[in-house]
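Note that subunit A is present in both complexes that follow, paired respectively with subunit B and with subunit C.
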Partner chain A sequence: MTLIHILVFVGIAAFLGLVTSDRWRVPFLLAVSALAVYVLQPTLPIRFLDFWLPTATLTLAILGWVVTSPPGQRSWRENGPAAAILGGTVLALGLTRYLGLSLPLTASRPPQLVSVLALLASLSGALLLLGRTSRSGKGLLVAASFFVLALFVVLKVPALAAWASAGLRSLTRQSTELASALDLRWLGFSYIAFRLLHTFRDRQSGRLPAVSLGEYVVYVVFFPALTAGPIDRIERFISDLRRPLALTTDDRAESGKRLLVGLFKKFAVADTLALIALNNVNALQVRSAGWTWILLYAYAFQIFYDFSGYTDIAIGIAGLLGIRLPENFKAPYMRPNLTQFWNNWHMTLTQWFRAYFFNPVTRALRTGQHPLPIPVIILFTQLMTMVLIGLWHGVTWNFVLWGIWHGLGLFVHNRWSDRTKVRFAALRPGWQRCLNVGGTLLTFHYVALGWVFFALSDPGASWQVFLKLVGVS
Partner chain B sequence: MSDEIIVPLGKYIAAEILKQSDRVLNVDEPLISSGLIDSFHLMDLALFVEDTFGVPIDDAELNAQTFDSLAQLATLIESRR
Partner chain C sequence: MKTASPVRPLAVLAKGMLFFLLVNFFLAVVPHDGLGRISLYNRVFPGRERLPFGENPAASYNLSLFNLDAMLASHVIAGPPGSGEEFRVILIGDSSVWGTLLQPEETLAGRLNAIGLAVCGQPARVYNLGYPTISLTKDLLVLDAALAHEPDLVIWLVTLEAFPADKQLSSPIVANNAARLDDLAARLDLDFDSADPALVRPDLWDRTLIGQRRSLADLFRLQMYGAMWAATGIDQIYPSDYPAPQIDFDPDVSFHGMQPPDLAESALAFDTLEAGLRLAGETPVLLINEPMLVSSGENSDLRYNFFYPRWAYDAYRQIMSARAERNGWAYLDLWDLILDPAYYTNSAIHLTPDGEAILANHLAEVIRQQGCP
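Entry: the complex of A and B
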């Protein structure tokens, strides 16, 4: 999201929060969010893909609703207007091709109207057929989960993404020699996929609330949280969406303050730190250990202020619409151990992994017929969870190493805490404060060293930076 | 909120999770958000609740938003009995 996007979204949110009646809240949010999916999509070199990918996002959201809603709740009368808004948005954007103006609504000129109409007709037919025939059973939910995961893998594994790009290029009669993983930059897909998977899983466990098509799609593509989260839970989001909109001046002032803090963090602090933050180029240029540490510290604070700034912006804009998005960061660098760091860093993502991976796997291993020793279970679950969180960012060796780094750190802290918690609890408050300060410094440096894997593209470059940090290279 | 739920819960957390049998937990003391109970011990607590009180706790509910104190966990258990 650029500063201009943010300012436009703030204006729209403030206007909608002021004038929208409760009845029109979902339709307006649906139209704006659907439009935002196209507006925020970056330009792609494959012909018309930057139009088709946002269309695929909306299709996936509708598909998610079809497979999670009970057949009795799919009435056309209730959900037809939302379907018409979505179809109308796609069609209207397709028609901008003939305006002769370059509007900033789509990344490039939309495809020909006949292609848009053909796609809309076939998608509508397929979704209507699925809606009429499917019973939202477990098989369908599992199939939908695998489909979303398969898409995720194709987009995140560079070799598969390049292969998919070559396939799409041959369809559009473009040079396949230029195929690259960067051709498939699908805006917000990582977050959208995890929202969809959350609803699929909660539908299976019977915890998903009954929601209309409009509410479901607004949840999946809610424009303030489209590009950088947070990953809200649908039952919490819907309860805010259904609550009568009664914002006070204090509520608006609070959201405005949050927004300003976010803008300052992102555009003043993070973007300034980015000038000296560790990257593949400056990692080769610096020679001394001191400068390498400065680059690393700059990166550690840049990534925090960038990401938490975006979260503040999302929370601020959503607040103007009466939606309280969940917190994603709570002073993570001020935590005395790695476990607490992860309870306060990208909280909605870690909560997602706990709910749908860590807890089920731990439960299965603890209650199985031949339970493994506790330390083995802890090591396995912590490592797997953190490696998967690493892979969520991208399927590269460096993200795997970053996951292993944190998985091992969490395991060591768990074992250490288990052995020392009784002894430390008996210490005087003064000593406990000293331990907390020491723990905070140690945790920050452990996390900062982990960023070496995150900031650089390959293990060789990361190793060289580690050597420079200890003054060997 | 009955002592029949609060007392065994408090004793279990103090003895098995915090390893401090003598510790008396306040019913409103934050357990998860404060870091007192980590994610691994949270599963221990869920298994204890399921075995002792016979109420299910879903894996997706093991977080501070669903319950963060003895009082909140006891209310959750009571509502499902």
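Entry: the complex of A and C
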């Protein structure tokens, strides 16, 4: 999101928050969010892909609603207007091709109207057929989950993404030699996929509330949280969406404050630190251990201020619309141990993995016929969870190493804490403060060293940086 | 018990806007030219070995800006002398002095410093104040700023391409320092067209915070890149491959609109050169006609290289020699010092590290023979 995008979104959110009646809230949010999916999509070299990918986002959201909503709640009367808004948005954007002037609504010129109409017709037909015939059973939900996961894997594994790019390029009669994983930059897909998977899983467990098509799609592509989260839970989001919009002056002031803090964090602090933050190029150029540490610290704070700044911006804009998005960061670098760090860093993602991976796997391993020793279970689940979180960012060896680094760190802290907590609890407050300060410094540096894997693209370069940090290289 | 008064967003917004307008107005009406002199270089970060210049800041950790004070403040010349007293030599000139494609230690200044010269019992320290645009007026601006750092000797490397009148104001650093140029013109009785549209003259809006956002951001980025300069020692991009200087030419013998045989002295900025010599005052100035590539390709009987038809360059050398003799300038014509094309990188005036070493060895003798100040 650029500063211009943010300012436009703030204007829209403030306007909608001021004038929208509760009845029109969902339709307006749906239209703006659907539009934002196209506006924010970056330009792609494959012909018209930057139009088709946002369309695929909306299709996936509708598909998600079809497979998670009970057949009785799929009435046309209730959901038709939302479907019309979505279809109308796609069609209207397709028509901008013929306006003769360049509007900043799509990344590049939309495809021909015939193609858009043909796609809309076939998608509508397929979704209507699915809606009429499907019973939203477990099999369908599992199939939908695998479909989303398969898409996720294709996008995140560079070789698969390049292969898919070559396929798409051959369809559009473009050079397949230029195919690259970067051709498939699908705006916000990582977040959208996890929101969809959350609803699939909650539908299976019977926890998913009944939601209309409009509400569901707004949840999946809510424009303030489209690019960088947070990953809200649908039942919480819907309760805010359905609550009568009654913003007080204090609410607006609080949102405005949050927005300004976010803008400052992102555009003043993070973008400045980015000039000197560790990256693939300067990692090879830096000449001394001291400066390597400085570049690493700059990266550690840059990634925090960048990400938490975007979260503040999302929370601020959503606040102007009466939606309280969940917090994602709570002073993570001030935490005295790695467990607390992960309870306060990218909180909505870690909560997602805790709910849908860590807890079920731990439970299964503990209650199985041949339960493993507790330390082994902890080691396995924490390693696997952190490796999966790493892979969520991208399927590369460095993200795997980053996950292992944190998984091992969490396991060591768990064992250490288990052995020492009684002894440390008996210490005098002064000593406990000292331990907290020491723990905070140690945790920050452990996390910062982990960022070496995150910032660089391959293990060899990461190893060189570790050597430089200790003054060996 | 006192209760906190409620927040009134509109009042906060109004106060914020008022404060912003006041800051803008203050900056627009109060001179703040000295801002560029505030620098982290030579304090937190080591000074740069050459003036800031760069078109791809993210890769070169360097950027082009127009604030001469900030540029000089970021240079090592603005720092304390390395080891007490020193004989300060400054080099001014174009990209061949600045050192395009060369590491700082491979430039002429770097090579001269490596020789370890001593003058008048003091170690000589050579400072690279070249800048990669070709214009004598640009050199004059740099010289004016550099004299504040009390050099003992100025070595000014020139080439004919820096002389044409139409080149004088086209350098962005000249165009964006119109006020300094006005001041120099007044002090040195220098004649130039102050209404030339190439000169950027900021109006009230340009002097506000909003109007100056680009130059303020550049100042800030220059400081930030100081960290990367300190961390890596890199201040330009070093491509592994680059095109060799052109050696085949069309049979074009014109030079900036002039045709043989007359190289009109009035169309060349000798007044600027003389103004520079006056500006230096007591500080000795050594003028050098810099070495250049002599091509041997197609039409090389008409042209020496990409820049010069033979007739124009020959005439220029004659004029320079005659003027130097008439006015008693310290002048060295080194145009043919390095004829082997292997000593040139990507241009007829850009030397390789070895080429710079040859030039440095030649100049070292001249510097040693300087009289004591």
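The definition used in the following text is that the second predicted complex is superposed on the first by the 473 of 473 C-alpha atoms of A that agree within 3 Å, B and C clash if a C-alpha of one lies under 4 Å from a C-alpha of the other, contacts with A are read in each partner's own complex, and residues count from 1 in each chain.
Basically, a residue touches a chain if its C-beta (ideal position, glycine included) is under 8 Å from a C-beta of that chain, and two chains touch if they have at least 3 such contacts.
If you're wondering where the values come from, they're calculated on a predicted model, not measured in any experiment.
Q: Judging by the criteria at the top, classify the pair subunit B and subunit C on subunit A as clash or fit.
A: On the shared subunit A, the partners fit.
Q: Vertex at subunit A, arms to subunit B and subunit C: angle between C-alpha centres to the nearest 10°?
A: 130
Q: Now for A:Arg132: first (subunit B), second (subunit C), both, or neither, which partner does it touch?
A: Once the two structures are laid over each other on A, A:Arg132 reaches no partner at all.
Q: For A:Arg433, is the partner it touches subunit B (first), subunit C (second), both, or none of the two (neither)?
A: neither
Q: Comparing subunit B against subunit C, which has contacts with more of the residues in subunit A?
A: Answer, by number of touched residues of subunit A: B.
Q: So, A:Arg242: does it touch subunit B (first), subunit C (second), both, or neither?
A: A:Arg242: touches no partner chain.
Q: Please give the least Cα distance, whole angstrom, that subunit B and subunit C reach in the superposed model.
A: Minimum C-alpha separation, subunit B to subunit C, in the superposed model is 28 Å.
Q: Where on subunit A do subunit B and subunit C both make contact?
A: None.
Q: List the residues on subunit A that touch subunit C in their complex, please.
A: Subunit A reaches subunit C through residues 249-250, 252-253, 256, 272, 275-276, 281-282, 285-288, 291-292, 294-295, 298.
Q: Note which residues of subunit C are touching subunit A in the complex, please.
A: So the residues of subunit C in touch with subunit A come to 6-9, 12, 58-59, 220-221, 224-225, 227-228, 230-234.
Q: Which residues, counting only subunit B, touch subunit A once they are in their complex?
A: Touch residues, subunit B against subunit A: 18-20, 23, 33, 35, 38-40, 42-44, 46-47, 58-60, 62-63, 65.
Q: List the residues on subunit A that touch subunit B in their complex, please.
A: Per the stated touch rule, the residues are 201-202, 205, 207, 233, 236, 335, 337, 339-340, 343, 351, 354-356, 358-360, 362-363, 366-367, 378, 381, 414, 417-418, 421-422, 425.
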